[in-house]
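When the chains are written out, they are named A, B, C and D in that same order, and each has its own residue count from 1.
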Amino acid sequence: MAGGADRFQHECGLVGVWGHPEASTLAYLGLHALQHRGQEGAGIVASDGRQLYAHRARGLVQEVFGRRETLLPLKGDRAVGHVRYSTAGGTADVANVQPLVARFAGSGLAVAHNGNLVNAVSLRAELEAEGAIFQASSDTEIVVHLVARSKQRTLVNRVVDALTRVKGAWTLLLLTPTQMVAVRDPMGFRPLVLGRHPGGAWIFASETCALDLIEASYVRDVEPGEVVVVEQGGLTAFRPFPKQPPQQCVFEYLYFARPDTRLWGRDVYLARQRLGERLAKEQPAEADMVVPVPDSGVAAALGYARALGLPFELGLVRNHYVGRSFIEPSQQIRDFGVKLKLNPQPELLRGKRVVVVDDSLVRGTTCRKIVGILRRAGAVEVHLRIAAPPTTGPCYYGIDTPTREELIASRNEIAEIGRWVGADSIGYLSIEGMHQSVHGAEPAFCDACFSGRYPVLHEDLERRPQLPLFTERA
Amino acid sequence: MAGGADRFQHECGLVGVWGHPEASTLAYLGLHALQHRGQEGAGIVASDGRQLYAHRARGLVQEVFGRRETLLPLKGDRAVGHVRYSTAGGTADVANVQPLVARFAGSGLAVAHNGNLVNAVSLRAELEAEGAIFQASSDTEIVVHLVARSKQRTLVNRVVDALTRVKGAWTLLLLTPTQMVAVRDPMGFRPLVLGRHPGGAWIFASETCALDLIEASYVRDVEPGEVVVVEQGGLTAFRPFPKQPPQQCVFEYLYFARPDTRLWGRDVYLARQRLGERLAKEQPAEADMVVPVPDSGVAAALGYARALGLPFELGLVRNHYVGRSFIEPSQQIRDFGVKLKLNPQPELLRGKRVVVVDDSLVRGTTCRKIVGILRRAGAVEVHLRIAAPPTTGPCYYGIDTPTREELIASRNEIAEIGRWVGADSIGYLSIEGMHQSVHGAEPAFCDACFSGRYPVLHEDLERRPQLPLFTERA
Amino acid sequence: MAGGADRFQHECGLVGVWGHPEASTLAYLGLHALQHRGQEGAGIVASDGRQLYAHRARGLVQEVFGRRETLLPLKGDRAVGHVRYSTAGGTADVANVQPLVARFAGSGLAVAHNGNLVNAVSLRAELEAEGAIFQASSDTEIVVHLVARSKQRTLVNRVVDALTRVKGAWTLLLLTPTQMVAVRDPMGFRPLVLGRHPGGAWIFASETCALDLIEASYVRDVEPGEVVVVEQGGLTAFRPFPKQPPQQCVFEYLYFARPDTRLWGRDVYLARQRLGERLAKEQPAEADMVVPVPDSGVAAALGYARALGLPFELGLVRNHYVGRSFIEPSQQIRDFGVKLKLNPQPELLRGKRVVVVDDSLVRGTTCRKIVGILRRAGAVEVHLRIAAPPTTGPCYYGIDTPTREELIASRNEIAEIGRWVGADSIGYLSIEGMHQSVHGAEPAFCDACFSGRYPVLHEDLERRPQLPLFTERA
Amino acid sequence: MAGGADRFQHECGLVGVWGHPEASTLAYLGLHALQHRGQEGAGIVASDGRQLYAHRARGLVQEVFGRRETLLPLKGDRAVGHVRYSTAGGTADVANVQPLVARFAGSGLAVAHNGNLVNAVSLRAELEAEGAIFQASSDTEIVVHLVARSKQRTLVNRVVDALTRVKGAWTLLLLTPTQMVAVRDPMGFRPLVLGRHPGGAWIFASETCALDLIEASYVRDVEPGEVVVVEQGGLTAFRPFPKQPPQQCVFEYLYFARPDTRLWGRDVYLARQRLGERLAKEQPAEADMVVPVPDSGVAAALGYARALGLPFELGLVRNHYVGRSFIEPSQQIRDFGVKLKLNPQPELLRGKRVVVVDDSLVRGTTCRKIVGILRRAGAVEVHLRIAAPPTTGPCYYGIDTPTREELIASRNEIAEIGRWVGADSIGYLSIEGMHQSVHGAEPAFCDACFSGRYPVLHEDLERRPQLPLFTERA
């Protein structure tokens, strides 16, 4: 895909391993498969049943864990791992790299979190008033405080007790020397699956592609509202929270999950093809070819092209060696950032009417550049098709999105957007079309960023925003 | 694409800039666009007309040059840059990173080379007998020695004089403080194009995609046997070598060049599509879908699918975060290396008859793993189609290939290969089909690795192989 | 000096700057002067009156802060800095690098600590029972929890309230955006001085050598039990704690403090000379020369030699390039670690009777090697003199010492020690002699590690030791 | 010592090991002992009798070789190592890191060099005219070219043949897979000793302190003009060059060699004491104490103090943690560079008349700062004594010295220098006094930098200086 800040950003990926002599190595490989869910930092906490062993740092999984001497001290047959999303600014607080570790009941507790709380500010204020100290700015620390303050006796009961107080999206993996606990919030915003390694080890992972890499088989999803506990005696599961209608994140299908993941019972790649097919029906175009924005728009473009019988062509070539920052000459190069990553095929495009398909449109700046690149490469018509509805609101449930003001669709008519990006026509998918494409069944998915129907109120929005605790370069 | 040692390896990429105040920054961006031609090392030598300024190191372009303080000291309005291929073993001699710099006529001479000499051993022996010293093992050092020993007066005449003695493939960029010289050998094995930057600067590059990134326009190819000299007064060109039938490398079309490059008058992406279409005619298959080995097999697979009216599907998903080395658990994971990079889509493949299209087949080990992965994902039939003829011989003209013994097609019948990789059927493109697809015109291309028709004798083959000068870890 | 694990280890060094536009640069230079107090990690937290800016990492001060882009983001005219001691094992918990930062009263609070609490285990248990979470194993976190839980209103009152609960050694620097607070425990184990920069900025530092480097003048010591508060309006000081007899650490004079520091009214270098002179009177030796163990034994050896009229000779040469770890051939080199650092002068030593003077004797292993080295270099007699009394007990007040069992003097007669290290004679300083040498006045110093008179009971000793929270490699 | 650019700089250190299974580890330890002779870069080339294995990089020995995976590939029982001096500017040409390796007689030749040729420019010009190419700017490359061009048959004869053409200072270690050759030029400017490891391995080293560390015993010096050859059959030595009066570098005694080295039959530390004693006789001072400039002035100051019966005091404390570059606040700190390294002891110095003893005076800028520091610390008189004669000329034989114009003694009367540095009196040692102190015997030493009696004419001085080949940041 094409442009960092002009996409929704992943929040996090989780992996847990219980019962394998090289648990931290499996966790490391699992994190690698989940690297697309977070490129800012990575951490693994392992245990041999007595103590926790941790290593956490900023960087890609391979940068953080790619040396045997880093993995070896992470001893034991159980481990949890975490990858963290990449912030826009490029600098971030090293104290936020997860799993968070805290002393608990005389030993340690590690917590890895994917999601976002909507009552974090008020909970933090309340906890601070009671004398809790916060050393970082992640919501995870709130969960740990609540667990620590619970009057319940067992870890599991304390976790449940704590989670009755938090609102929002929280998929969690917790590890003590003797237990691993996996939880999804009752609405199930973020995914988590349970798998089994051939040798018998239990595996938890945000996506099935992590199971595939380590040759574990998929057992089942951790269900919304479910708590799964693994310990010496085996695995137990229960549902301590009041049942609520599920609100799984539809954007996982549209852009986040890896195409080779099977998410909530559906193959992501096929879902994206169906999005493209439906888009073709709703928003057809007369054109000579369909060109995806690589890599994220490819599956939808294939479906779009197939539905209309148009040729599918890789009219934009992606350069996979592009890193995070680049030195540009002082006489600036037009559309530099996009051009580094995408180069057009003029021979193919010259004189042609082109449909370009992308997975979503956030700020619109990248699409605008892509339209310009296609035109300068000779396309006589450029029809922009978005395999998603207009993004009109931010996500409060674990995705790093621009503010509402920055979302081009929140303040413009669709036709106006089309003019601004310079397309001859523009077409979005309908919300209904999206739901029918991804799943076909009843809409059990959160579509708040498209529909404005937020399933949980964001309580902190009313409050004065808190200052960041501090700014740290790692 | 999928497997390091199981592909032909790029040898090098070149870029030259003359007449731009930020020449080294443009060279750096150009090298970035040519990164696919060499990932082992990168170097830039710049000049302000008085002195040379050099920086060369092992690593990717961004690792070597990604900080302003590295580029800034490379002063002046002229620069040559070089990327070097990645060796299998991962360790290599830092003394080989180019451009090579030597004292010449009281100042410096930088030489960047793409290609391979077939009389290197005898020339080196001859030069050593005359007292020349070699500090590294690249052929480039031979060229510099010959230039230094020429009795001619001017740099250009010395270069021409030197090049009459070398045989094989040599595309060169040379820089002194006052001149830049670009040369292609008379058979023109390796590509080099001339471009012009909007501000008037002359640009040389191995591929047109480097021109695109820095917004330079393509002017023309440097022709086989041509010497182009740029200096204060402007650009002059001449052809001092006896004319020979061109032998441009057909493999550049098949695998090496970036798909968005226009090579020798043809768009690479479209050429690859034609290869796939022709392959469909020569080696059709009854199947439910066509799956490319990403990324290098995508264009050919598109052509193949289109010609037969079969669905094109991304049945293998590539993980782009994969680095060079990985830690594996001691209980090994089956097909670990390939699996890290490619994950199948079982939902898509289950119960299906699949044609998998790759760009070439070298040792066969990667293809064998891919066939296995597809089968385990549920494909009921796997038909392997290679958008190239059987690779029966090594390349002596600048590509790092396995020995003849390691080339599976050099010692096996095609059917036997198919059985070994586990495919239900296997099909290669014919040599004639390949030539007609890439260009359509008379076969002006070297196809020695397929046909065994080597246009220049490899003189060193008869000789006892030389020991490496030394082994150095950088 | 000679041998890592065979010395008492420094615990920490502190610096604070208030009122200088380049506060973090001054803090960095101050930490550099205090590098001998801790080589494991370094941190600076700065503030511009609104927010805190932090950078903390493992490594030497120059490694952590030696680049302008690291210091520049630490904005503002106030800063606190910290260096941390080096652990024996070489690996340690990155979460322990100070200053610790926590959210406090809507903004941030940074705490830097030198010392050790003797009721840490019970306080931590008590706080944990109340639901406090601990993310690292330093005592500092306990102080922050107590501050956060205090029912007092102002920061200063909360700090005082918190400190009434802790026992042991605590010299602290605290920073919020609007206040800096410096405190020493009522017994004053660890030093802290107040200085003034020519431009008017207030400086706090563990030792006066930090003032010297940044050209600040010494104003006065922060007194035992004193709280000094700096804010917009200026500096105020008060003594909220019950007065107790001072127990300043005599070991600071013997080994820890830099010789150019003026500590508690006395010059350290001169104090060490007096220790050597007194040692000469108490434990004279008939010999041809006095040789110090460089660098820490030099001043005492000078005093010893002068008192007896013996030649002072550098018979052991120290190699200052020695790093932390070394590769040794498999056929081991005798006394490898010491030999890397110290080489004898055989020409000087051959046939001579040598007095070797060291600052202290902990495990005895290094001294034993040194005696062997001197003998093999030709010394006919080796008389070991220690410019301190026998070390019979561990320190509980902020110094990293071996256990009592590892202290050779805790379980052996002096003569026995002499035989074990291979010396012809051995002599220690008396406790009385030590006190009279360092200060001359009444013994206002803690000498527990020599006398066993511990001024504060170590409450945690009775308790079961806590497991480390976790082990982390940074 | 105190100030980088205000000292003569070491040129290089050499070590050779023949016949030990861990030759490269011994070479690494030997280089460590010689680290004071060069801090810019380090290299080792080893051989197993068949091939050469090399690793060379910029940095300290421990930085370059401190990991087992770097040493392990340097296989075989023979190795040569090299450390290189630190340049003032901090940037330098990576191509200059030694040992230089070149192809020779079908395998490799490694050359490590300590010294400087005085006919390098003319030799290089001559060789270039014959077509030789130079890839770096070190004199070593000239030697290799001459060896390669010699018409002699054997390596040893070629080396001898080559060395008859070069003039100046050249102590060399050469290694091929089957031979090691050690040579000193006929005047013997730079030292080289032969030692023997307990297991029988032959060791060469620039100084005996390298033998000590690896527990090798000193056998004898390699004599001026001697060629020592080690091969399978054993060690042979011969003297092929016309005998000349020795001109060993007296500065090695004064400042370069480590004090624990035994150089040309004399202990360096004792020689420096005698220099101080003689200085006391020639240039006595009425004072209260003698203070050395640490560390290099310590031995001479001891001798000076002892001769006059004055107290020896460490009035300046050196900070050993100082790295190469430092960040200074924009309001500059007076004498920043020196102050980082040296802090005075005001308590000791206040009101006192101080003799400060340094080993040499080059530009005078550091001494001037030191005098100022002592005065501001309270010294009422500062008498500067230099344990060397006035340095009036540069060295052409392997030491990096300032130009003649920068040498304060080359253009000023001694009294004038004393006034400029701010001393109450100044005193140098006489040349005769120096010679008698270091050796007592006939003056077999080069003292050109003091006396102007250059034993070999610097032929290149008349010539136009050559441009650097190129500038490279490593």
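The rule we apply is simple: a residue touches a chain if its C-beta (ideal position, glycine included) is under 8 Å from a C-beta of that chain, and two chains touch if they have at least 3 such contacts.
Source: prediction; values computed, not measured.
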| item | value |
| --- | --- |
| Steps in the shortest chain-to-chain touch route ending at subunit D and beginning at subunit A | 2 |
| Chain whose average C-alpha position is farthest from subunit C's own | B |
| Approximate Å spacing (C-alpha centroids) for the pair subunit C, subunit D | 36 |
| Averaged-CA centre spacing for the pair subunit D and subunit B, given as whole angstrom | 47 |
| Subunit B-subunit C separation of Cα centroids, rounded to whole Å | 59 |
| Pairs of chains found to touch, sorted by chain label | A-B, A-C, B-D, C-D |
| Complex contact set, residues of subunit A against subunit C | 45, 50-57, 70, 73, 91, 95, 100-108, 110, 124, 128, 130-135, 141, 144-145, 148-150, 466-474 |
| Subunit D contact footprint on subunit C (complex, rising order) | 20, 22, 25-26, 28-29, 32-33, 35-36, 60-62, 65-68, 71, 199, 209, 212-215, 258-260, 262, 267, 269-270, 295, 298-299, 302, 306, 311-314, 317, 319-323, 325-331, 333-334, 339-340, 343-348 |
